[in-house]
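Multiple structures follow.
Two complexes come next, and they have one chain in common, subunit A, joined by subunit B in the first and subunit C in the second.
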Partner chain A sequence: MSTTSPTLSNATHSSNSNPGGSSMNSSVNRSFFDNPKQVLESLHGITSDDFDLLAQETGKVGLSRPSLSYWKDAWRRLKKNRQAIFSLYIVVGLVLFTLVGPSIWTTPPSLQTLGRVSEAPSLSIKTVRVLAELPAWQPTLAEGVPARPTAPVPAQDLKAPSQLKLMTEASTLAVRLSWDAVPGATGYRVYRGNYAPMQGSLGLPIATLDGGNIVSIQDTFNLVPGSQHYGVVALRDDEESPNFASLEVILPEAMSLPEALKIDPKAQAGQSLEMPLRPLGSDYLGRDLLARLMSGARVSLFIGFVAPFLSILIGILVGGISGYFGGKTDAWIMRFTDFVLALPFLLFMILFKVAFGAGPGEDGIGPMLLAMVALSWTGPARLTRGQVLQLRESEFVQASRLLGAKPMYLIIRHLLPNTLGVILVSLTFAIPSAIFTEAFLSFIGMGVVPPTPSWGSMCNDGIQTFLTHPHEFIFPALLISITVLAFNLLGDGLRDALDPKMRSVS
Partner chain B sequence: MFSYIGKRLTAGLVTVFFIASVTFAAMHIVPGDPLMGNKAMSPEIRANLEHKYGLDRPVAEQYVRYLANMAQGDFGISFTQKNRTVNDIIVSHFPISAILGILAVAFAALGGILYGSLAALGRGKWSDRTIMFLVILGVSVPSFVFAALGQLSLTLINKKAGFEVLPVGGWGTLSHMILPALVLGLGTMAFLTRLMRSALLEIVHQDYIRTAKAKGLPPVRIFFSHQLRNAILPVITYLGPAIATITTGGFVVESVFAIPGLGRYFVQAIQQLDYTVIMGLTVFYGAFLVFMVITVDIVYGLVDPRISVTKGKS
Partner chain C sequence: MRSASAKSARLTRAAGLALALFPALIFASLTGCTKNSDPANTVRFALTTEPPNLNSMQATDQSSFFVLGHVMEGLTRNGPDGAPVPGVAEKWEMNDAGATFYLRKNAKWSDGKPVTANDFIFAWRNVLDPKTASEYAFILYPVKNAEAINKGKLPVSDLGVAAVDDYTLKVTFEKPCGYFMALTSFATYFPVREDFFRQKGDKYAAEAADMLYNGAFKLTSWVHGASLTFDKNADYWNSSAVKLDRISIPYITPDNTARFNFFKEKKTDILDLAKDDLPRAQSENFRLMNHADGSVWFMEFNFREGKPTRNKNLRKAIQLIFDTEEYVNKVVGIPGTKPGKTLIPSWVRGVQDNFRREFPYAPPARNLVEAKKLVELAKKELGGSIPPLVWLTGDTPASAREAEYFQSQFKEHLGLELRIDKQIFKQRLALMSSGQFDIVSAGWGPDFADPMTFAELMTSWNENNRGKWTNDQYDALIRKAQSTSDQKIRMAAMADAEKIALDELAVLPTNERSVIWTHHERLQGVGRSIIGMDPDFTYASIVEGK
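Right after this comes the complex of A and B.
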């Protein structure tokens, strides 16, 4: 109301001065209408020449600089903010990473390579031997030897198994060993270790064979490339003989033919195959982390952009109607908004997400988006309403209305463009919080449905193996943090640029 | 004053009623029901069970019964945990979440005020820059990342020390609570630091500060009795919403640190579609938050004599 008071006082002032002015003029007026020229000449020395048009003057008055529109000015201010511009580059980079990335890095995000589970990030190309698939494992039994010897020998007297040898080519896929039966043994125990076995420390026990005639074993447990030592001892009723046989086996990294065909359709057994690069390593199911990050970025950024955009659209609509029409409409809409605002966000986010349901085979993005929009339109609605209420009474809008502008014209031409700055700022702050929410929900397993990757669900997968394979957690967590950081800084910059009044004290 | 409190409480009750209704509606849109997931059951058994839980009645009747029971403080019996009432779950597990939340809020408020003051006092210096950088980091890094990193560093510290300096997970003693509370409060602390700093910086140019300086008060006195007292108000206002974000944000921290709080039960109940537990916990949380905000508003009126809660609030 303080803005209207100067015009009010002006009006009273001029009305006061009018009576005196008119009485002075009245004596002049009569003779002026009789002979205007003469009166003017006699009074002010004005001649008729003075009424001729002057030659147009140029270059005297003009704009010394090109005029700056609001948006140009904001852009100029934003450009000065180094942090904000840097963040803008990061955001653009992220969008490129998501949209262009998959067409450059074409490894499919869902391709599992069983031999490459939880592989650490590496830039060196690995070659792997391709081996034909072995026939199904069937333990060989020594002929003519009973499972339970008729005359068992005491454990100390049991000999070391002889003829310990590989049955097939050893590789990280499987190691198959066989040996000759030890007379009088009731069973065997097989050890594996990284060092040459010694009496008393044979390594990790990998199998106990219950039967003196079972003289072979297949080992597939957690095989890593390199040298391994196998030790076999004979048993007498679970008591070990001091004599053991040992064999050093060099394991090459290998891949079975059917797995290799998934990577290279021309692969053949016996050949060595160059493995596709895994620059960021692979996850617990042997999927390429970089490809998954890209595809997860699509989910995270999609929700991060679309949810705030939709809720702001609804918010503008509701807030605009509420603010423009005012009165009862406004009161009811605002009461409803207050209720929605009172709902505990994360709780209802989960509840709605479940209520909107994801059927089998769906990725769960739709319900999450819907839930997020249903809960977060209130902020923008209140913001828009406040702005519209303020602008509706401002002079330029009243002037426009006085000149006969229709409501739609007023809203589109005056109200919306002037709220846009504030709304844009709230959008940039809504994006990181939407990304955050998605990450939280996916992290507690309430977000996207598993085969679909998102940064949050990748963090959830990664944290299980955080202590042994930290890269599976660190990369998605880093991406979430960088994205949110960039949007926060950009939001700060935009707020300073678009709304100098709200400028944060710094 | 009392009429104001009465009005706020009534509005709060209406809000809780609204929350209860929305929850009920949401639960009845959900495809499937808690009896579906179990082993195959004959139609007779199913009908019996539905009768036991009142699922065979019309929705309107279920709704009225649900509201009536809730008004008497009875949230019903869990579907999946045999013979366990929702009230029992709340009584035995809410205190854990509450203690964790209170610790986290206390930590966030104290840290926020301290760091905000330090940043404002050393404005433009390296201390300010460092704190503000950490603040941006604190706002941008999700709490589960802090939780994971906290656990990792604690594991390393314990290993180096040779004994357990602080436990990595679980619940029981105060030492179990420290790390989860720190992690839970970190985001809020970052926000409060920023709030505190900008409030202090705005106050620096006020007339009464200049007056205080002019009459020769020592800077320490000016800071504590003029600047701090005034700048702390926005921090108090934010505490209400902070409690909201912290109790719901507790889901994640509770799951990472294996804390048997209410958040874990909520997530578990959602996964099992345990109607009564979901509805009970949602309404309980909702009511808790609504009344927390009201309490903070009233306290705010008491703290700041300039604000009269009875007038001028629109």
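Right after this comes the complex of A and C.
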């Protein structure tokens, strides 16, 4: 490749093209200067009067409408694009959601309320009863009943326990049940089901009591408000009787006094307490999903804006230098760009994390940002170089140079503003891709670390329980999708507005 | 390469279920095979993880023990009540000096040759050979000279075992060992035939064809990472009692949802359920059962030089903020899980009765005020501040939930930062061995039916003591318990030793695990055992039409 840039030689060619045409022009010129009047008259019937100065006219020269700058024109065009404007609103809304949201919705994102795990989204305010702590649990032993009856009774013949009843008021804090001993039983098994019991399927085995005289149980496992069906069967040497007793218990949502004091320091037992609203539900540790989405958006948008911005800054610098100076510099820089472009992102990301000594459980956001910037400046750099190469040979730049403009002036006054449109478009397309990359890396566990949420890591947490509590996955996934789509549509609109040459056919 | 992989595969057995969930794997596992050429009496089951090592002399994990327990047999087997029942040995005699085993003459290898006393001697010597680097060598230490051989002080030929003839194995004890019979069903005690082992060399147990089997089944196909098939072993001495023709493992996946769906679509016959699948299982009308698997889970603190967790006040403060009830009910959330209070769990048998009833231990009650004082004290002792603690754990949803729960508890009550280091199983074990953690969430499942399997865990010589806690008094008490067959002295010594470990907070027990499981009606007689392979399909059967 020659050391002069291809565009430069092209430009020279075009001005000197068609040598035949230029020689003909020069012959016409010569006869014109010999006898101009005659020539003109013979050509068009133009007389010499036509060359007299006219009187100055007023009012005719002037602008018929206000002058339209490049940016104003772009904005005008963008406003016509409804998709893009709608997307712009979404983006603005998202930024508000992230920055202003947490000061309106003040629930801390990492506050765990284990009594409200995986709660579905709801806009109604929940009230729970505050209950004093129950006295310590002591299983009741039936009097005069042996733990291991000696008389052999086959399991089939064991009766269903009678008098299955609640010992105290049931709530989501605890359920205490008692029943009458079954003669011949060596133990009992207690089930809890979400559905009315059927033979062979009583629900979850809550406990197996070893001893025919133990006739009560306390259940505290993951109690959720609503209807629960308890089933008790007698056992003979670990074999279940086919007869069971069952009891439907409606569990009201309750809270223990110490827990209630954390929310309201004036709480008293027996009182009803309004629970903080969970409009988007809660996650697997009872954390408010809305607060987590806001907090997660901060990470996503931080990466989404900072990474493309930095990489474009570097890209402009590198591409600008490369394009402006051309020649050997350009060749070397572009080969280096090709090299960086060939690096595999994921591998590089992992290496970066190792190289930066991000220890176990330490945030991967810093290394992630660096890796993204270090690998994604190549696109903008190539774009800028192409633009600069084209622009610096354009007539107005040539003219400016001819008038003695310094390189710095040329770059700032002519080159940069004219590349800005293209760069802005590439920026809007880089943002969704960065957000997506962050979500992906956090999803596979290489981004944020708990307790910091990000949309990607929330998706990862939520996907585990997708079939049982879909809201934990759907909301962060929806936000990622909307954000990425909005930025893409906005980018599309901006490209149409700023760079009409690349306008999409629609 | 073999020894390297064995090293990183070292693990607590109970921890065997904790595994990697990498998104790519979900798809890999879903594209698994659909074979339909299985014989009628086939039980199908999905493993959570590929067995890392099927060499019985080096295997250390639950998945490998599950396979080995079905395809190999030791001198004894675990009976239904945990007591040993005859295996390769027809009968035996035992006293304080040693034991004599009389092997049955119809016990055969899968190539038709008889199983002899020399096969046991070869395997045991090989386990103890320092070159084998077996993680489980310590389980053979009751045999005379075993420890010295394992430390390279004596040649392997000095091991206290002798073949009186092909069918009589005489074992001499180092010290009286009351629980020796319970050990002989353990995988490390399984026989290996020397000529076959030498012929295979490094490839031994690498593929299905590189092993000899003397168990109820033999491994006929092993597609690494994808599937395993065991067929009934016609050469097994008790094969007439084995009703299954095949155990098929068509899927190996750590993904709970995938395993749930395989079961629902009747592609597998038996399923262990995760917490989040319980509501779904109820709506599917599955018959749910509870199996307390005998394992104890705890926070293990790191006692290596320079670790903040060496500070007792810090450990004590952590203990005082731990809300056992809330943790078991809301965070673990599997019914049947017991709050962890002790190192030796509640199901173990003591002298006459339950060990815990004979030797109760109650940890101090939760006390947030005292905890705050202690953590301030710890800060002073550690030079003003406590750096963020590294919590090493697995990468399952359950371990993430646990870690984030403790992270918030530590922050709220102690003002301490907790950094969560989630690792895939193999990597976690490697980090545990190299001590790169402050606190690790670990578990231990019993290897044999004696409190010793838990008590010796914290001895200074145990490879599985990952925190490297050492206490001379503790070691001495365990030595004492290991050198007598008097149950009263043994149990009391172990209880005393355990009390030291718990008072010193070498570990902080969190829970005793329980599993909710279900099976299709066609599968009958599957054993869920605390010791040995779990589940046990040896005497299971398929009843069609149910």
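As a convention for this text, the second predicted complex is superposed on the first by the 339 of 506 C-alpha atoms of A that agree within 3 Å, B and C clash if a C-alpha of one lies under 4 Å from a C-alpha of the other, contacts with A are read in each partner's own complex, and residues count from 1 in each chain.
Quick note on the criterion: a residue touches a chain if its C-beta (ideal position, glycine included) is under 8 Å from a C-beta of that chain, and two chains touch if they have at least 3 such contacts.
Note that the coordinates shown come from a computational prediction; the quantities given were computed from them, not determined experimentally.
Shared-chain residue A:473: touches subunit B; no touch with subunit C.
When the two complexes are overlaid on their common chain A, residue A:220 makes contact with subunit C while staying clear of subunit B.
Touch criterion met: A:339 reaches subunit B, while subunit C stays clear of it. Legend: residue contacts after superposition of the two complexes on their common chain; A:204 is shown touching subunit C, with no touch to subunit B. Of the two partner chains, subunit C is the only one that A:464 touches; subunit B does not reach it.
Contact with subunit B, but none with subunit C, is seen for A:352 once the two complexes are overlaid on the shared chain. Contact with neither subunit B nor subunit C is seen for A:327 once the two complexes are overlaid on the shared chain.
Of the two partner chains placed by the overlay, subunit B and subunit C both lie in contact with A:444. Shared interface residues of subunit A, touching subunit B in one complex and subunit C in the other, are 359, 443-445, 466-467. Interface residues of subunit B facing subunit A in the complex, by the touch rule stated above, are 15, 18-19, 22-23, 26-27, 29-31, 136-137, 139-142, 144-145, 148, 151-152, 155, 197-198, 201-202, 244, 248-249, 251-252, 255-256, 266-267, 270-271, 273, 278, 282, 285-286, 289-290. Those residues of subunit A lying in contact with subunit B across their complex are 338-339, 342-348, 350-352, 354-357, 359, 432, 436, 439-440, 443-446, 459, 463, 466-467, 470, 473, 477, 480-481, 484-485, 488-489, 504-505.
Against subunit A, in their complex, subunit C makes its touches with residues 21-23, 256-257, 275-280, 282-283, 285-290, 325-326, 329-331, 333-336, 388, 390-392, 395, 397, 400-401, 403-405, 407-408, 411, 418-422, 431, 436-437, 516.
Of all residues in subunit A, those touching subunit C in their complex are 110, 112, 114-115, 117, 191-195, 198, 200-201, 203-208, 220-222, 284-285, 359-362, 443-445, 449-451, 461, 464-469.
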